[in-house]
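What follows is a structure written as structure tokens; I'll ask about it next.
As written, the chain order gives the labels A, B, C and D, with residue 1 at the start of each chain.
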């Protein structure tokens, strides 16, 4: 019998170890698994490398994890935010590392990591500062750079509906990085608003097949990051 | 070239309206964050343009009515939007496969500088203290067939943004096809910048003065200046 | 206004030119766009390179196209079939070329072609006869071979429901190669059992977004390849 | 070693039943075309095994009742199947991403030859006149964590299939972990073939005689032979 349900966010993320690489879904607040991130703060795991498109808002969610000194390095495309000084302050102070990756290359590296592709040639960033140190090669008269697949120890993602097997569907543009991160991590933890029995999802509409998912945590009414930031919340 | 009194050209809304007029019916288009987003409000009636937002939506519609938005239905600028009939959601790898694979017809982006060979700088001022952040800009310019730029002709301090070669870090090499500014519409050709249209009340000389690279007059018929 | 509907299969495929590369969806008969293939036979276009997992059954569909002498080269993973001698006979007679590609590499090459990835390193086929002539490279202690993206002039695919914009959903395992072929071809032609107006499909469940589709032809009750073969049909 | 009278070992159904017993609850498994497909009929009661078929289905169920099948719901062997509760459909690139990315726990494949270093030959006899056809075999062996082989111990003409080194074209190098035959269960270890279980009524010597490579007896307790 396959039942991947786990009772609480803390129980689901307690396996995260110091120095793990953690992929965290979300583009801005859309798809950010904020309850799982707060549970990760609670674990106290340190020295993490975090893969996320951004660096969080205010002092909740990803920004709280960073502020709490748990993140050694961010791999992301857009670490600026209108309403958070957490990452910028630490970055300017030399206390956190940054690997800046064009957004599409970041997505493709994660997808490659999950698909067993070691590396690929992409035209993005040729001739720019972000090409520096990478191998160039021409194919059919066009120049490409070599980029390597990206994998992680753990992925934390948010879904709208999950079944016990870990089959997932998402909500609108909250889908973003979650489906590829689920494929690229050794362990994928999902928080889902609705947790249903197998058979509840139309097999034609499943976005993430359960094979990529290890734990499903019900979080029926997830917090909205922007609302927490507006309320002035600071986690923990 | 600084501190010249700026001639009156198009407003931002007029620029968006003018650029929108050149987007053909049926085009698949990505609009960059900031000024280019305004183009969505000016699609000429009767034309169906499908807007792509790189965070995973094709068929993006206008902002929701107040109180009717969904914090998980946003555009690349992280503003709430809607989805039109015929829309589809997809993940980030698929979204950038669309971009990189050359499936979009057009993108319209902002700029810090555009060089006369089509080089674009729009992601970093190279400022030591700035947090480097690139987002999807490099993917868009390397993958999309036609790259239009929509920008004020000069910076706020009056410096030209159309230059011989960019001084800021590049987003892409030789990628820009066309530039919509408050003063003019300029094409990037093998011979450099070529004027195709002046904004009302703007003279060719006024544009030349505010462009830090040679400008060919490519208008097919002479217009009153 | 975007309306990609075309009245007949012949009208939809008449743009295929001699020497084009044509991707044809389907795994066996599941997803085989048989009405579009028969229309392609009718066009008489010759010298084609065809990408399909197999080489057809009996003397209908893909086998008919091959038998009619229109195909110069097949790119596929499994050109054997229990019930067709069309390809084997021509192959043994030296009258048709074959590029044999492992099935997963074939899928990944098509996906790369559609995604603007020039080439990628895959572990599949290392140390086998199908590695011959390909570049090897080690990443993280494992050996990979370089494979290039694959594109086409035209893709012919079958869907269950299409809307006028070309958004598609498929039927069960008939999905197979169709979604990636749609991305890798300059022109994608779809035959669909149901053609609906935009808005009919749930945007969360669209498998192929319309951006990848050029023409939609209604074929309400497509023939079953196996039934045609059983009936002894020979096309044309 | 040809023309020896074959000892009576397991039937094909018994082999499938024996292999099925070793698949753990909750495993994601791909069953190769032919004999390995029979394993699906023998999953021990109370265990939930999720079957993957590379043509785009996870959660494959048994054959449909007569007349209830769908010609577009098939397995990799192109036979009609069903989909269980919790199933999902996906495209070929995603299906082989599952395989290549190491997400499946196990595959069980047929074999022409297995070498004592784990090399597998199962796609081509190298016959000049044969139509070369590989399907997904090379992807499966290079991507899936555990590769089991299920095969008759010898060919119909009595030639051993377990050999020092393969003579047929390879499917993959050093990929096989375990072999289920009519005579025995054999593991591929750094020291070569290691017997882990004999079929009822089969002696160690009988297996050694029919194996064209050294065979270590790795049974933890001596059994009656």
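As a working rule, a contact is a pair of C-beta atoms (placed from the backbone, for glycine too) under 8 Å apart; a residue touches a chain by one contact, two chains touch by 3 or more.
Note that this is a predicted model, so its numbers are computed, not measured.
Counting C-beta pairs in contact, the pair that comes out ahead of the other among B-C and A-B is A-B.
If each chain is reduced to the centroid of its CA atoms, subunit B and subunit D end up 57 Å from each other. Centroid to centroid, with C-alpha atoms defining each point, subunit B and subunit C lie 37 Å apart. Chain centres here are Cα averages; for subunit A and subunit B they lie 30 Å apart. Contacts with at least two other chains are made by residues 57, 83, 89-90, 93, 96-97, 99-100, 143 of subunit D. Counting partner chains per residue, subunit A has residues 108, 111, 115-117, 122-123, 170, 172, 203-204, 207 touching two or more of them. Two chains count as a pair here when they touch; such pairs are A-B, A-C, A-D, B-C, C-D. Listing the residues of subunit A that touch subunit D in their complex gives 1-2, 111, 113-117, 163-165, 167, 183-184, 197-199, 201, 203-204, 206, 209-212. Per the touch definition, subunit B reaches subunit A in the complex via residues 53-57, 70-74, 78, 83, 89-93, 95-97, 99-100, 124, 129, 131-139, 142-143, 169-173. Contact residues on subunit D toward subunit A in their complex (touch as defined above): 25-26, 28, 46, 48, 50, 52, 57-59, 83-90, 93, 96-104, 143. Those residues of subunit C that touch subunit D in the shared complex are 27-31, 53, 77-80, 87-88, 91-92, 98, 100-108, 110-111, 122-130, 170-180, 207, 224, 226.
Residue ranges on subunit A touching subunit C, taken from their complex, read 108, 112, 115-123, 137, 139-140, 142, 144, 148, 169-170, 172, 202-205, 207.
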